Structure formats: C-alpha cells, structure tokens
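Please go over the structures that come below.
Both complexes below contain chain A, partnered by chain B and then by chain C.
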Partner chain A sequence: MKREKRIKIYVAMVLIIMPIFLSGCWDSHELNKLSIVSGLGWDIDPDTGEVTLTYQSIIPSEIKSSSSSYGGGEPKGGSPLRTIKLDQDTGSSPYDVLSRYAQHASRIPFYQHTQVYVFGKEGVQRGIYPFLDTQARNPVSRPNALMVVSAEKKASDILEIQDGLENIQAFGMAAVIKLSATFSKYPAVTVLQFQNRLLSKTTAPIAPMVGIFEETGPEGEKSRKIRVIGTAVFKGDRMIGQLNERESSGLLWAINKIKIGFVMIPEASLEIVTAKSKIVPELQGDQVKITIEIDEESNLVEYKGHQDMNSDIVQELEKGQAKEIESQVRAAVDKSFALDADVFGLGDAVHRKYKKEWKDLKPKWDDIYPRIEVVVKVKTHLNEIGDVNKALIKD
Partner chain B sequence: MFRLLSKKMRRWRTSSSDNQTQAKQNGSIRYLSKNLDGNLHILREELGQSSDVIIRDMKISSNSNVDAAVIYIDGLVDRNLVNHDILQPLMFNLQVIKDNINQKHSSLIDFIKSSVLTVGQISGTEDIDKVISNVLKGQTAILLEGVTQALLIDTKGWETRNIEEPTNEVSIRGPKDSFTETLRTNTALLRRKIRDPRLTFQSLQIGERSKTDVAVAYIKGITPDHLISEINQRLKRIDTDAILDVGYIEQFIEDSPASLFPTVGITQRPDVLAAKILEGRAAILVDGSPMALTMPFLFIEGFQNPDDYYARPFFASAIRWLRLLGFILSIYLPGIFVSLTAFHPELFPTQLLVSVAAAREGLPFPVAIEALLMLSLFEILREAGLRMPRSLGQAVSIVGALVIGQAAVSAGLVGAPMVIVVAATAIASFLVVPYADAGALLRFAMTIVAGFLGLFGMVIIQLEILSYLAALRSLGVPYLSPVAPLNIRGLKDTLIRAPLWAMDSRPASLESPDMRRQSPGQMPRVPKAKPSKREGQ
Partner chain C sequence: MFLEKGRISNFQLSVLIIGFVFGSSVISSPGGEGAGHDAWIACTLGLVEGLLIAWIFTALTKQFKDKTIMEINSLVYGKILGKCISLLFIWYLFHLSALVLTNYGQFFKLEIYPATPKTLELLLLMLVCASTVGRGIEVLARLCLILVPLTILVVFADTFLLIPHMDLNNLMPVLDVPIGKLLLASHGAASFPFAETVAFLMVLAFVNKPGKVPAAVSRGLLIAGFILIMVVARNAAALGQMAVVTNYPTYLVAQVIDVGDILTRLEVAVAINLITMGFIKISVLYYGTVLGLAQVFNLRSYRPIILPVGILMVILALTNVGNTLEMLNFAKKGYPIYAIPFQIGIPLITLVVAKLRRLPQKGELDA
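Our next item is the complex of A and B:
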C-alpha cells in the first residue's frame, strides 16, 4: 500500500516536470526590442538575380505621439513618412539580405504581422522563386498576407507613398486592395491562395497590381497616391501579362468572387445583390467544352431614361445587364487565351469532374487548352427598382 | 506532493492532541462544602481578585440568621434582573414571609427555588467547577450556609450588537438580516427560517480558556449522518486555548490545509445558511463570530449568490457566466498580457499590436516586471484601504488613483495598457469573493510563469491547478462536483441556474438521504381555455 502511494507520487512528479521539456514557442522578445515590419518589398534584379528587400517598419513612438495629439492638423514641413521608415538591403539571396540587416538595425525584424508583400515589376518578370521558397519554408511568415505587384519599377516606389486614412502605409494599402476586392473590381490574393494556384500546375496565379497616380489638390499642390490598376497574371513564378479593369471584373465573375459592386449599362446602373457562378466542364473526346454559368440578382440604383417603370423596361435592363456581364467575362476569357494562362482554373475544373480521364488528359493538356470552347451563360434578375415607380421628369 | 505534506501535518496534529486529552482527564470533581466561608474562599481564589466578580454577602430568612452569598460577574448579567428578581425577593420577601420555614437549610434552598425567585431558568449543582464555569457564562450563583448545593440562575444579559444588514454579502432582493456575535441570536435567526422540529443544534464547548460555545446545525434526515459524525469528530479533536472566530474552527477542521482554495464555506446571511442546510449540508456556528461555516463546500458554491435564486433565472444565469469570466480574467489576464507582449506578439490582432507597441515604447522595465510591480501596487493599495483608520480612507484612494492611474504612465514608468489590464483584473477579482484570496496568489504565479515561459508555462500551471482541484475533497465530496465527476442533473445549478420549479431534488453530490425537495412538474402554466371557446375556432 505504502509503496503504491510512493509510486503515485513519483508518477505525479514526472507528469509535472515532463511538460517543461515539450517543445513550444517560448522565446522571449520584448515588444520594444522588435521592429514590426508592416510591409516588405521584393526587388529582383532582372540581370544578376540579386535580391533587394525593402522593409517598411513601424515607428511606435511616432504613433504614440500622433495619437495623443488629435486635432493638431497636418504636420507642416514634416516628412510624409512619419509613422513608418524604410530600410533597404541588397544581397545575393533573401537570407543574405537578412544577414545584412543586422549591420544597421537596432531591433529584430518581426514579420508575423506583415500585411503586404510588394514585388517590383522588374523582379516579377524575372521570377519570384526566392520569395516563394523562403515563404513556404519559414514558419514566421504568415500566409494570409497579401501579394501585390508594383506597376512601378521598384517595390520601394509603392511602399514609400504615405496617403489615405491609415497611419501605416502598408495597412492602408492592404485595406485598399481588400476594398477593391469587396467591390468586385480586382482580386485580393493572399500568399496562401497564390501558393494554391501554383500547386495546381495548370492554373495561373494572379495578383493585384498597384500603381501610383498623381493628384492635384484644390490649391494646386500635388500629391501622390496609390491605386489598384490591374491584375498581374503569372505563369509559374513569372509575370507574363496583366488584365485591365474590365478583364479583371470578368475574371471575378467567372471564379465566383463577386461580392458587392455595380454593373454599368448605357441606360442604367445596377447594384449587385447576390451573384453566383459555376464553371461546368464537358468532355467530348479530346475536346473540352466549358460553360460558365452566372446567376445574378441586382437592384436598380440609377436610371438615365425618363419613362415610368414597367415590366418591359425591367426585362430590357435584365437583358442589358446580362449582356454586359457576358462581355466582361468574354474579355477576360479572350485575354487569358491570348496570354496562354489558365487564370480561371479550367484545368482544375476538368480535373475535379473527370478524375479518371485526367490521367490521360494531363500530358496533352497544353495542346487541349488553346482549343477549349468557352460558353458564357448569364441569368440576371432585377429585384427592386428603387423607391420611385415613375420618372421625376418625363419627356 | 501537497497531499504528502498535508498527511504528515495531520499525523503530527492527531498525535499531539491525544497527549493533551489524556492529561486533562486526570482531575477529579470538587464538591461544595457545607461551610459557606470555605466555599467562598475557594471561589475567590479561583476567580481571582477580579474587579468584575461580585460576591454579595447577606443574611436572609425571617430571623435573619442564614448567611448567604450571591455571585455574579458584572457586565455579563442583566443588572435589573439580579436586583429585582433575585436580591429583592431574597432579602425583602423572605423576611416578610412569616411562614414557619423549617430551619433545615437544605429545604430552605428548595423553597427559595420554588417560591421565592421569579426568574425562568434555575438549576442546582454541587460541583464547584460547574459553579465557576457557569458564573463565567453570565449566570448568577446563590450559595447558602450549611448547604452543599448552589443555585445557578440564568441571568445572562450583556450588551450586544443589533441585527444589522449584511456588509460582506450584499443582496438586492433578499432578506436584509445578518448574523451577530451572539450564538443564541444566530440560532434564533436560523430557527425562524426553518421551523422544522428536526432542525437540530448540537452544542459543544471548545477552547481551554475561552470555553467558546459552538453549535453544529443540521436537519435530521436531510444532512447525511456520516457527515455530522465526521464533523463532530473533527470538532472534538480541537484542543486549543481559545476560539476567537469561526476562522479558528475552519483551519482546524478543513480537509486540505495546503489548498489555496477554501474547502469550508463561510456566510453571514441566515437565508444562505438555511438554503445550504436545506441542500443537505451541515453548519457550524460559533459564539462571538458573526459568520457561520458550511460543509461540505464545493467549488461551484463560490459562484452562487443569494440573488441568483431570488431573481428570475435568465439574468441570474447570465451573471453566473459573468462571474466565471471575471474569475478567469482575474487569474489569467495579466499573465496573458505578459505572454503576448513578451513571447507571442503574433497573437495580437495587428492594430492592437501597433497600439500596444506604441504604448510600450521607451518603457524601462520588461513587461513581466512591470506587471508584477503594478499588481503588487494594487495589493498594497487594497490592503491599506482595508486596514487603515477609516478617516484616512480618502487620502489613500486619491494617492492610489493618481499614482497607479496617471502619474505612473505619464512618468513613463509603466504603459497605459498595463494599467488597464491591472485595473480590469482588480475589479474582476471581486466578482467571486470566496476565491479572491486564492485568485490573487494564482494571479501572481501566472504572471511570474508567463514572464519565464509565456503561454506555454501558463498552460502547464493551469493543468497542475486543474488536476489539484479535481483531486480535492470537502468532507469526502469531490470539490469539482457536479462537473467532475459529472452529474447531469446537478448541472441545473451551475453555469445556468434552472428555474426553482425545475430543481426538484437536492444536489446529488451531497448524498442526502432525503433527495426530494419538492414535487415535480410545478411549472406555472396558462390555465386551460374553456372548451366552449375552443369549439368556436
């Protein structure tokens, strides 16, 4: 009996001590010894392949002082980069760059909260494999950060522009991109989604492109702002082309990424209420036929005509809308075939539906793909015509 | 490890008490002699030369030839009662009564007892020690020359506090009386709530010098017998100088002296005590203490509050959750904050991280030190506010609010988020008062561990605490029941407070011999509509 109790005590002790040797994240890093990297710019030299990293880090003390002096107005003569600071290093590989960081930095970079990875246009055309590799290997990076392609030469061009309501530029940029995706203009692509598209072999990765535009204020002062201007299309790790605004929308319609937004037709503007789409492949021998089925419901928010509403006009609007959506999708389809990049994931759709046949199709896919016949079917429904039935001014 | 320690302590405790009880039984009973002067001499010697001991010599009977003495302690007796109903009849009435009283003294005392004294409770004794102990309780003794018997008259009547509103356990809808320092008052308060003849108060005296009256209260047939005998056994084992408060008893009889969490419940409300007894618990009341102990005490009782039962069940259930949340926050919040800032900044939402980082900019101490500093400061303030003379209270609150709240932040010693965390923790810790002490200690432990190991360390400590709580027992009942071991029907009064009409039986974990509390199916219903109306539909 006594011996049993002693054994029990020993077991309890072992159980108490054992968890201490379990693995876990228990390195202590005081918050004021870290430099929080809000955005990271990647530039790859097209000739040498040298990597340049641009760190956009937060300056906490600036945030503290700016938040405590609300209503102080614009800081006159202050630098536009008040809450962030940019550091740049160049090296032969990403980790070569990182090792150089320690030569001039006072704090350890902290990547877990990095919101955007910005790629210089020159670099993406050469390929971003070094990024994809370190990203996949390293546990500190988070796969929910956004991928952004700079329409300018360098990533740092984009990262240094301070504008908007957010006091940290990268957070603002992420918000801009997410909002453009919410309004179904351009896709927002996380690192994870990019990787998933890469893994599928046939699908082409995409990422939004951000450019700079200059704005002239009411007093003639000029300010530079960022704006999403297109969708970059990749093949592997290399960017091979881009979709414009209309084609980007068409892409989103086809891949079921429409959330809210507007459809503009000559007579009216319509607000999307719900939208669903499906890519339905059909295999006929070596011939693949793809039907993109889109189901849309919308409300009328703007009408340019002066007639009273009636069911004929509603039907007309529905038809016009369907035509507009179809033409957007068609534009995207044409562009994707022109680029020879499967941005819609048509290959995956065929793979999902015809699992057995895919084995035979896979080696021949590069031949089959250009011959695919794409049919776009759009069904639209106008839910509400607004609070007025009659035109305010009749002609 | 703790269990081993407590076992050793218990062994040591029982062996020492055995020695003392043996020593005590050596004395033999001393009887009163026929000689009054001799008796008074002994009493004077025993009671000392205390100024509050009054020994009134006098001559009684019609021929004024019988010596007598009245002995009482000034302050403990009702002076009016002694003067009007003892001294006056003895000295005046007896002389007036011209009856042939037999000169035999022994029958004189019977005559006095039966026909002279106009007070309620009179007893006689021949034991001199009994005379002393009863005089010390507030009784008045009458000794006669030539009689070996003393009369003991209950004349207790000292200044007592009135029944006041409970100060520690405030209730909005419930009764507003609370226990006082007088045992009789307290038992009466309980008796008024439960008029069951089976409500029993078992009395005993504990304390070699204080001779404190202790009462075990229970309802026969509801509280299991083995609990009562176990409590009695534990009480009888106590051998100490004095019981000055119910807390003395608590520490002598609790199950796990090494436990941070209390295994004996404490209340100052008669209604709460009545409810606990009706659930099948036993209570211990101590003279001189305005608190009562209840046993067995389960973990979940700390989260129960009288208002839960007096108010309707919905809000009461929500408040239960709130209390649990407060309890959890009060233990973990500083630790979580320390872990997140020092170990896992990636767990902060991004915007929060930026604000926290901004607030932590330029602070001199590591976050763990900062947290411990602020927690200690709060405990200092709390203790100072509690112990300090009341007139100084304002000074402390002003200094405390300024020092902790503003000055520390603006001086750049601590960050503003830490002040918020500590303040929130401090408030939350008072949601569950019974565990405020244990919570404070655990809070420090959690913060220290978080400073070394982060969340990982906190999880380890948490596991140890949970397994310790699961092993804990109060009077043999598992501390975490009815949650562990799980009793589905018992859950009606845990995180939700079921409507009263749904709680048909007493808590199963207490194993009461009479489980039935009320007849089932008493849910109020809308009266059935008249059949004639229904046909119309």
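Our next item is the complex of A and C:
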C-alpha cells in the first residue's frame, strides 16, 4: 500500500514537471509562420550606399497546385507559374531593411533554403562588404549558396524572370549556373569559395554573371529567360571587370575546374573526357615565371572533313585542340593582366612553392604581378573517334 | 573510505578518455588559433606534449595504487597543506567544467537555440550530468561505450563525405608559421584538450588493473589525438582560410557537405556530438569535483553535494565570461598559462616530493 502510494506520487511529479520542459520550445519555427526565401537580391546604391534587398519568397500553396495547373495548360499572361513573390525594401544597412520588412510582412523571412544571392550590377561596383559581413556573421546563412552578379542594373530584374521548367525561380537559376559549370562554360561560385578568394590577399574573387535574353518560341511568342553571360571579376569586394565566354572557359582550364564540355575547332568538335591542370611557378630573382600545364583527353564527336580517319588526322586534331585551349587560356591571362586582377591565384601558387621568399615578395606583389611571364603548355590526347572510322561522304 | 565502489576496466578507461578529449573540441579546431592552416602540426605537437603530461600523472597513480589525487596529496604533503592543494585542484576541475558548460551554452545560443534562455539549456545538461554522477563512475564508463563510437562514426562519415570538397592546396605550404608561434599554438592544443585529462587523477584509482593504466591512458589519448588531427586537417583542407576566421569550423564544415542535393544539412549531427561528448567531459569533471570535496571534507557520501555543486557550476558558467569574444581571448591567451600549475605543476611536484620522501611507505597504502 505504502509503495503504491509512493509510485503514484512519483508519477504525478513526473507528469507535473514534464510539461515545463516539453512546452518550452522557444525556438520553434512553424512552417505556416515562415516565408521561405529562395533567392535574395542585393542592390547597393552607388552614390549613397543604401541597401535594397529583394526577397524572393516561395508561396507554398502555389507549389502544391502548380503541377496540375501546369499540366492543364492555362498559362496566364505569359507566366505559367507564380510560385514566388517578390518583396523589396530599402534602408541604410541590411538589418535596417529587415526591420522595414517587418512593417509590411506577415511572415518571418527564413534564409536556410536560400539558393542564390543576386547582386545588381550597379551595387557590385561600389562594393558588397555589407553583404559579405552579414553573411559570414549570421549563423542562419549557408556557405553553399551561390553568388550571382546580375548583368542587368538591378538584382530584382533577373529574380522575376520565371523559367518554365523549374517551379521556383531561384532554384532554377541555381540549376542553370551549376549546369553551365558542369559544361565548363562559367564558374559556379559558392559563398565559401568567394570568401576564401577574398581572404587570400592576392587572389581576385569571381562570380558568374546572369543576364536576360529574349527567346522567340516556335509560334512567334516572346518569352524572357535568364542565361549566364560572363564572369564578374572582383578586387576586394568591388567588381572591376568581366570575362566573356571565351575568357571564362580559359579561366576554368587554368584553375582545374573543367568537368565535361566540348572543344570546338574549325574542322571538328571534341568532347572532353578528362582534364587536369597545374599552375607551376618559378622564381628567378624578382621575376616570376608561371607555367600553366594542362593535360586533356577527349573523344571525337563531330568531324566536318570528308576523309577516312587516320593517325595523321588524329594528330592534327590533337594539335588543333591544344591550340584552341591555349588560345582560350591566353585570352583569360591577357584579360586578367589588363584588369590587374589575379583570378588564377598565381600569388597563392608562388606562396605555396616559395614560402621563404614569399615574405619578401608579398609587400611588392602589386609591382611584381604585372611583370609575370605566363607560359601555357597544353597536352592533348584523342581517345576515341566514335563508331565510324570512314567518312560517309568522301571527297 | 568507500565513496566509490564501482570499478572500470582499462578498455572503458580508454574510451572514457577518448570521449573526454573530444569534449568541446568536437566543434572547434584545437591549435587553429595562431597556427592557421598548420593547425594539424600544432595539434600533433600538442598530442606529444599531452602524452608527456599523461606520463607524469599516470606515474603518480602507479606509485599510489587505488588512491585519488586527494588522498595522495594528504599522504605527500601532510593533512593541512595536502588539503589546500587538493582544494586548488578541485577548483580547477570545477572551473574547467564551468568553461565547458559556457562553451556549450554559447554554441547553442548562437547556432541552434537563439531564443531559448541559456540558463535553461545549461540547467538541463547539468541535471543529466548530475544524475549520471550520482550513479557513479561505472555508469558513466558504460555510457561512453555507446556514445563515443557513435561520435567517431559521425566524424568519419563527415570526413568521408567532405572528400570532394577538400583541396590539399589549402594545407600548403607546410610549416608556414614561424616556429615560435607554432610552439605556442601547440601548447594551446596541449592544454586544451589533451592535458586536461589530468582530471582523470580522480578516476584512475577505480581502474581494476592499475598496472596497465599508463597504457590505457596513452591508448585513449592517441586514438582521440589522431582523430582530432584528422578533423583539424580536414577542416583546413575543406574550408581554406575560413577555418581560421570562423568560431566553430567543424560546424561550418558540416554545412558544406552536399551529396547530390539530398544529403545536406548534416551540421546538427555535429551539434549532437557536442551534446554527447560535452556531457561526458562535464560528467567526468563534475564527478571529480564532488568526489574530491567529499574526500577532502571526510564526507560519508558525495551524493548530497551533487546538486549544490551543479547549481554553482551553472552560475559560474553563466557569469565567468561576458561573451564569446572574451571566451576566445581567454582560451587563446589566458588558459594555456592558467592551466600549467594544474596540468603539470601539481602532478609533477607531487611526484617529485613523493620520490624524495620515499613514499608510499609500506603499510600506508592499506590505510
């Protein structure tokens, strides 16, 4: 009897104490009270430095119904899907903007799923330090989100262009950038990579640039789409110039970021199988000589000539390909010297190899950099020629 | 005195030491301050120094079998001086566990539970530790057998998934920092976390085969050390310069993991590692504090003082530093010096005095 009573008292105590801990969820994030930000646009006024943030938030109810409405085929006013909502606020600093956002929004912005940070072209020329600091300081921001520079004036210009295939615009933009990186056209730069380039005293940060192009459909209807158009080059937190398509590819060749893709030469197209590159510095006094060594293997996917394949042609293709790669890298090198921005990380390469000499070189690096002699060495190998070894139409 | 009847095996001791060394170092890179991307070298040198310190205090327990540092002090220095030194040592254990609690509280306040009051977070962890300490060292050692392998599994899984993100160029050039700075950083890595195992002077008395204690301690230290070196090198390789800039590199590095857009957001696993390993570290220190107090003041049981000590610990943890910056400054500049008398001074001097006085004399061990 006595024992039972004691057990009852214990159980009662546990039941009284437990709710204290279970209800105490201070940090609960209820989904219906959040506005999930998929993309964040940053515009910094070039004159006043005022920050304008564009929040691209996901409308959850639209995502549920969107697949059926899309299948039903009732596009309204040229934009078949409206799963996102854009909000914009201006303030003196990012957190000033956030406090303004709270005046008109019904939900708290939630940044854990932000895929892209888009910077308006005007703002990046003034410098994006407010972003870089807030991003690094704030624990909710993620290091894997992509950095994008808008080729249009404002970040909001490209955040509102809806692609047909993806439900959520920012996710689609991230996919576009990642695909362009997979096909070795433009770099995909995460926040972490950008920060690391920034922290290295010599290397210049880079980010892909996204622009708008107008597409004409088969029935003459016009639609606007986004497209990667170049690589923005930064010095510190300011954008100082950009690389075009060819220079961007050259940059990727040199920094060992080539995955798959094609090399086009006048007589053929070749598919890259593997590509490796190394930046080898050599120090002669104050003179730095850099050799960019590229090792590439490819398959023949298109041949415009009308000859049967033989080893002479293979050799010719290998040579032509090497020449093409070299000229791409050369274009990037020339541009980087013209911009006076070390996009390849040459300074870091010298530091890695000559750590003792680096102490003396580092203060003078700005003078040494323009005088660097760069040699590009490309080795190519043609692996496969495809399923046929004779031309279908002969000369 | 039979304050503790439990006995742990040498294997359990090794696992306990691994858990203890992981402690709060599972979220930070030991040696990262000052050594930059050479933190793994600093960590290696720190491990060597930690092993030397472990050699000192295991020699002490080898000499005085079945005795905790409190009883050894009384034997070596006499009743009054011995108790004073014991109290100093107890202060170190108490302060260290408060520091671990602080670290835990700051991490959770910043990264996981920004709105939850810190007091409650610390109080909940303290209550769990208190209940474990009340059940004795044996329970804690058995818990370790579950928790430590899980943590090691998470660490290795994280490392494996990070391989695509690693760039070994980030570790180059090797030995970039001046040698003086490197040695300072490695002493920092030794004082936190390797030499903190000096707290085991309160535990080693309860190992069932005292002869094999030095081997068990160094085995535990070596395994934990190698895993930590791997973690530190991995953080530097995957994060580059950001590993030095960020406060919690291991947490940030787990955010980088991305396997096909599906396996992401693994950083909470790192936070769970901190909860479990921090729990082990705090429990060992907490246990040492209350057992030491009971021995110094000749109490019949240490259980009644568990909760009061725990509450004091939480209060100290909440008030000892104002913010993370003060904590980092203390960890970087103050702690490596502050810890020397406790980690090296007390064990070494006690060992020397004991040798000079030819202690323990026959019969004293049975007393």
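Keep this in mind: the second predicted complex is superposed on the first by the 357 of 395 C-alpha atoms of A that agree within 3 Å, B and C clash if a C-alpha of one lies under 4 Å from a C-alpha of the other, contacts with A are read in each partner's own complex, and residues count from 1 in each chain.
What we mean here is this: a residue touches a chain if its C-beta (ideal position, glycine included) is under 8 Å from a C-beta of that chain, and two chains touch if they have at least 3 such contacts.
Since the model is a prediction, treat every value here as computed from it, not as a measurement.
With both structures placed on the common chain, the touch criterion links A:F194 to neither chain B nor chain C. In the superposition on chain A, A:K353 makes contact with chain C only, not with chain B.
In the superposition on chain A, A:R142 makes contact with both chain B and chain C. Judged by the touch definition given at the top, the superposed model places A:F110 against chain B, while chain C stays out of reach. More chain A residues lie in contact with B than with the other chain of the pair chain B and chain C.
By the touch criterion defined above, A:S61 reaches chain B but does not reach chain C. In the superposed model, A:D27 lies in contact with both chain B and chain C. By the document's definition of touching, of the two partners only chain B reaches A:I9; chain C does not. Using the contact criterion defined above for the overlaid structures, shared-chain residue A:I168 touches chain B, although it does not reach chain C.
In the superposition on chain A, the residues of chain A contacted by chain B and by chain C overlap at 24, 26-27, 112, 142. Of all residues in chain B, those touching chain A in their complex are 1, 4, 341-346, 348, 350-351, 353-363, 366-367, 453-454, 456-457, 459-460, 463-464. The touching residues of chain A, counted against chain C in their complex, run 21, 24, 26-27, 112, 136, 139, 142-144, 192, 195-196, 199-200, 348, 351-353, 355.
Here chain A touches chain B in the complex through residues 9, 12-13, 16, 19-20, 22, 24-32, 34, 36, 58, 60-61, 63-64, 67, 110, 112-113, 115, 142, 168, 171, going by the rule given at the top.
Every residue of chain C that touches chain A in the complex is listed here, in rising order: 110-117, 120, 124, 169, 172-173, 175-176, 239-242, 245-246, 252, 255-256, 258, 264-265.
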